[in-house]
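These are the structures in question, set out in turn.
Shared between the two complexes below is chain A, which has chain B as its partner in the first and chain C in the second.
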Partner chain A sequence: MSYFTTIAGGLKSLVTGLGITARQMRRKPVTLTYPHVKPELSEAYRSLISLVQFEELETHDCIACMQCVKICPSFCIEIDGGRVEGIKRMRASKFEVDFALCSMCGLCIDVCPTDTLEYTKLYDEAGYEREWVYDLLDPFRDFEDEFVERQRVSDAREAAEKAAKRAAAAEAKAATEKEPEVDP
Partner chain B sequence: MPRTFLDIFGNPLLALGAGIGGVMTVLSLNTLFCIWFERKVSAWIQRRMGPMEVGFHGTLQTVADMIKLLGKQLITPRGVDKPLYHLAPLMVFAPVVAAASLLPFSKTVVLTNINIGLVLIFMFGGFAVIGIFMAGWGSNNKYALLGAMRSIAQNISYEIPLILSALPIVLLISAKGPMYEIEGEMIAINGMNLAHITAVQADTGVWFVLLQPVAMLIFFIAILAETNRAPFDIPEAESELVAGFHTEYSGMRFGLFFFAEYSNMLIGSMLATVLFFGGWDGPILPGPVWFFLKAYLLIFAMMWIRWTFPRLRFDQLMTFCWGALIPLSIVNLLVTAFLIKVL
Partner chain C sequence: MNQSAPDTLERASDDETYYLNMGPQHPSMHGVLRLLLHLRGEKILDCEPVIGYAHRAHEKMAENRSYIMFIPNTSRVDYLSGMIYNIGFCQAIEKMVGIEVPARAEVIRVIVCELNRIQSHLLWLGTFMLDLGGVTPFLYCFDDREEILTILDRVTGSRLTYAYGRFGGVTMDVDDVFIEQSRAFLVRLRERFLMYHALIRENVIFQERCRGVGVISEEIALKYGVTGPSLRASGVEYDVRRAEPYGGYERFDFEIPTEKAGDCLARFDVRVREMEQSCRIIEQGLTALPDGPIGPKKLIKKLKPPKGEFYFAVESARGHFGMYILSDGSDTPAKIKLRTPSFSSLSSMPDVLRGTMVADTIAIVGSIDLVIPEIDR
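On to the complex of A and B.
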């Protein structure tokens, strides 16, 4: 008797299996036809880093503070920079990242005091060499002179305003100091 | 009764040429289509898309693959048994062409009309085993030899339920009496003539799958095993044996094995169509269309099964055949014979 129940049970399980695949067959494929359709990446996608272009500055805001260089566990960031003649802000002149070493850990992004580092959404980078060093400042080179010029003007205006204020304050102070002499 | 190619062309050589040309055309197109279709079915089941790039929905993918295969170097490994190694693909492929020429695909025209068609088809099916073993033995490769040995054991075992489940049909046809009237024509009916089997089903309007459901099931399972299809694909189990008996073959020699495998699928499902599903019988559409439609539905079922079930272990395979299929088919045959005698 168990002979027939075994066969019947086996047949039933086979039919169940066919039913499962039949259900899958009617569903839509989940394939993305990749080169024709680009994948939609999540907000938290981690990839190569790049500098943010701020709207009000019209360029990046790297002040070459070296925080990212210090925190980077793979030692892949190399920055040069310093004072630029005529403006208060420090500016980076070189921001080289060796992406062959970078592990996309994101510590540089977290530590950046001006929030000028961010992840890109690049996912299909490929090359023919082992060398994989990008200067992140390259896309901003053209804006730099203009920015410095603007900054110089605004810094000068700020300084003038400050000087004026200081002069006014000094005058007011002088006036209050003179008062007791007038009083008697 | 249908006219054969010999009746139409008159000249035997001309009929032979036309027959071989026709069969080869059908088999080639079938292989091209089946490989594409197999990939599509597997993709649908796994919620993928399958080939999409070459041609509309990848229809020309197999053509491109075939061209690539034709351009490949034919490598003959050192230490092979040369005559066996070179003959094996032909030995596997030739019986397929012969078997395909026996099938009655239409009501009016067939390639051949032989009274022992059923026996011949099983005979040509047995031929393939020799070719597979020649390939396995001649390759001088342990995986090829293991695959070939498994294939032999499997094919010989499953030929028994295959034939035993076809015999009830022969009995049913023979029971119609020595003479039978089909469309006003009295013919000496023969249970092993494939054209007669179809004609009787079309005449009575009852397909034998209704009278013999158990036999149909056993026959279909046996066909799966005979064509080395999953879940009975242990002769070429790629996770164990690289590629089984055709491990050492490259280029178009490998292509011929592939060709034979898919042609065997077509012949198997065509035979099942003839025996159980009324062959060319069907309303509205012309006969050959129905014939191929039914055959391809069965092929679809085979692919569906392949992408659903895991491979059997060797002892399970043998237990299933000798413990379940053969006893069941013998009982089915005896019951059929008894009922025919009584009723």
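On to the complex of A and C.
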């Protein structure tokens, strides 16, 4: 008797399994055939980092504060830079990242005081070498001289404006102090 | 059954016996675990797990970097429930230093951790079925798991090795789309549970391969410190979320599923029921998600921890994950010891495997849900 119940139980399992498979066969396939169909990356996708190009500056705003160098758990960022003759803003002159080491944790982005770092959507890079060093400043190099010149002009204008304002304020103050004497 | 089994591998020398290396490169062994089996015929006389093939020195790495720099490491300790480890480490540091976590961040953490737990259990379910010879359920499980990965990818930016937690909060806020997606996923998953029940649980072959196989008795489980679903399948109701509530779990209403039998089938049942409980927790979290900040305004990067020893534990998908932190008062930990659940579960294997058949080894080792890099760290 148990022999036949075992067979019946086995058959029932088989039929249930086949039924579920048959139902699944009618569903749309969920597999993406990758190189032909590419997945849509989410907005938050964490990948390699790059420098943000700010609209008002028309360039990046890395001030070489070394915060990201200090916090990087993979020790893969190298920055040079500092004060540039004639302008107030600090500028980076080298921003090298070895992406072979980067673990995309995003600590550098969180710590950046000027928010000039962002994620890219790069995910299919391949190379033949172990080192995978990028200088993130490369796309900004051509513009750098012009930017410094502009910054110099705007700094000078700002300084002049400030001086003018100060002078005006002093004048106004002098005027208000003087006036009561004249009036009576 | 196992009267003739020797106590150690050295003592057994018999013409009829032989040794078999299962792993480290074995098609159905999880990761790079090597089991040195001593056999007579197909019966296992003894077993010696050999570990260390995936050792990455995470604990040592912690000693030469500041606390915040250890965050990306944590999710790589156990890559299947990385979120729980990641958030758990942040919670440990918060408790040590005394950082307040905003209510919204706390609930978000619970939701993403439970999603991660379901994801881990789904992967276990799929690979366990694969171990038992059923390829089809594996694909269905991965289909479901993919949904969770997509949901988490949208808010955390990564699919497996999360770096979502920060001291005092999380990196990115969740939005209405996330809530909608999670709710839709829970509805879908509950339908799929019915299918899994019919396809797997009621299958005769599955029952025959699991019932009474690989019994971890309560005594052995407690002796070796087995935790998580494997312990609860042996009849001990221990869950860190309930025993020492952390991260706001005390405000959630959920059950701790337990089974008495302690065999592969019991472990399967416990994990499936745990997924259902996780669904409940997520639902409550989504309903009660408060407004407010998701973390401190400025990244907390320098810590001034008190001197001394500190221990904090969370319930990962595999069990009791503890962090023992030795602080010398500086920003760099003097020592971080990670207590990982898979290691203890694996330690019980020689006792459990003795006397069973080779063909059951994969079922038993598969049923305790090992993640090898987590054992080695």
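Definition applied: the second predicted complex is superposed on the first by the 172 of 184 C-alpha atoms of A that agree within 3 Å, B and C clash if a C-alpha of one lies under 4 Å from a C-alpha of the other, contacts with A are read in each partner's own complex, and residues count from 1 in each chain.
Simple rule for what comes next: a contact is a pair of C-beta atoms (placed from the backbone, for glycine too) under 8 Å apart; a residue touches a chain by one contact, two chains touch by 3 or more.
The model shown is predicted, which means the values in this text are computed figures rather than measured ones.
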**Request:** Following the overlay on chain A, give me a clash-or-fit verdict for chain B and chain C.
**Result:** fit
**Request:** State whether A:158 touches chain B only (first), chain C only (second), both chains, or neither.
**Result:** neither
**Message:** Quick check for you: in the superposed arrangement, does A:146 touch first (chain B), second (chain C), both or neither?
**Reply:** neither
**Message:** Output check: A:80 vs chain B and chain C. Expected answer is one of first, second, both, neither. What do you get?
**Reply:** neither
**Message:** With both complexes overlaid on chain A, does A:33 touch chain B (first), chain C (second), both or neither?
**Reply:** first
**Message:** Once the two complexes are aligned on chain A, which partner has more residues of chain A within touching range, chain B or chain C?
**Reply:** C
**Asked** How many degrees apart are chain B and chain C as seen from chain A, counting from C-alpha centres and rounding to the nearest 10?
**Response** 50
**Prompt:** Just chain B (first), just chain C (second), both, or neither: which does A:18 touch?
**Reply:** first
**Request:** After the superposition, pull out the minimum Cα separation from chain B to chain C in whole angstrom, please.
**Result:** 5
**Asked** Of all the chain A residues, which ones make contact with chain B and with chain C?
**Response** 17, 20-21, 24, 30
**Request:** Over in the complex, which chain A residues touch chain B? Could you list them?
**Result:** 7, 14, 17-18, 20-22, 24-25, 27-31, 33
**Asked** Which residues, counting only chain C, touch chain A once they are in their complex?
**Response** 65-66, 68-73, 136, 140, 143, 146, 150, 153-158, 161, 163, 166, 171-172, 195, 198-199, 202-205, 299, 301
**Asked** Which bits of chain B are touching chain A when the two form their complex?
**Response** 41, 43-49, 52, 304-305, 307-309, 324, 328
**Request:** Provide the residue numbers of chain A that touch chain C in the complex, in ascending order.
**Result:** 6, 9-10, 12-13, 16-17, 20-21, 24, 30, 42-46, 71-73, 103-107, 110-111, 119
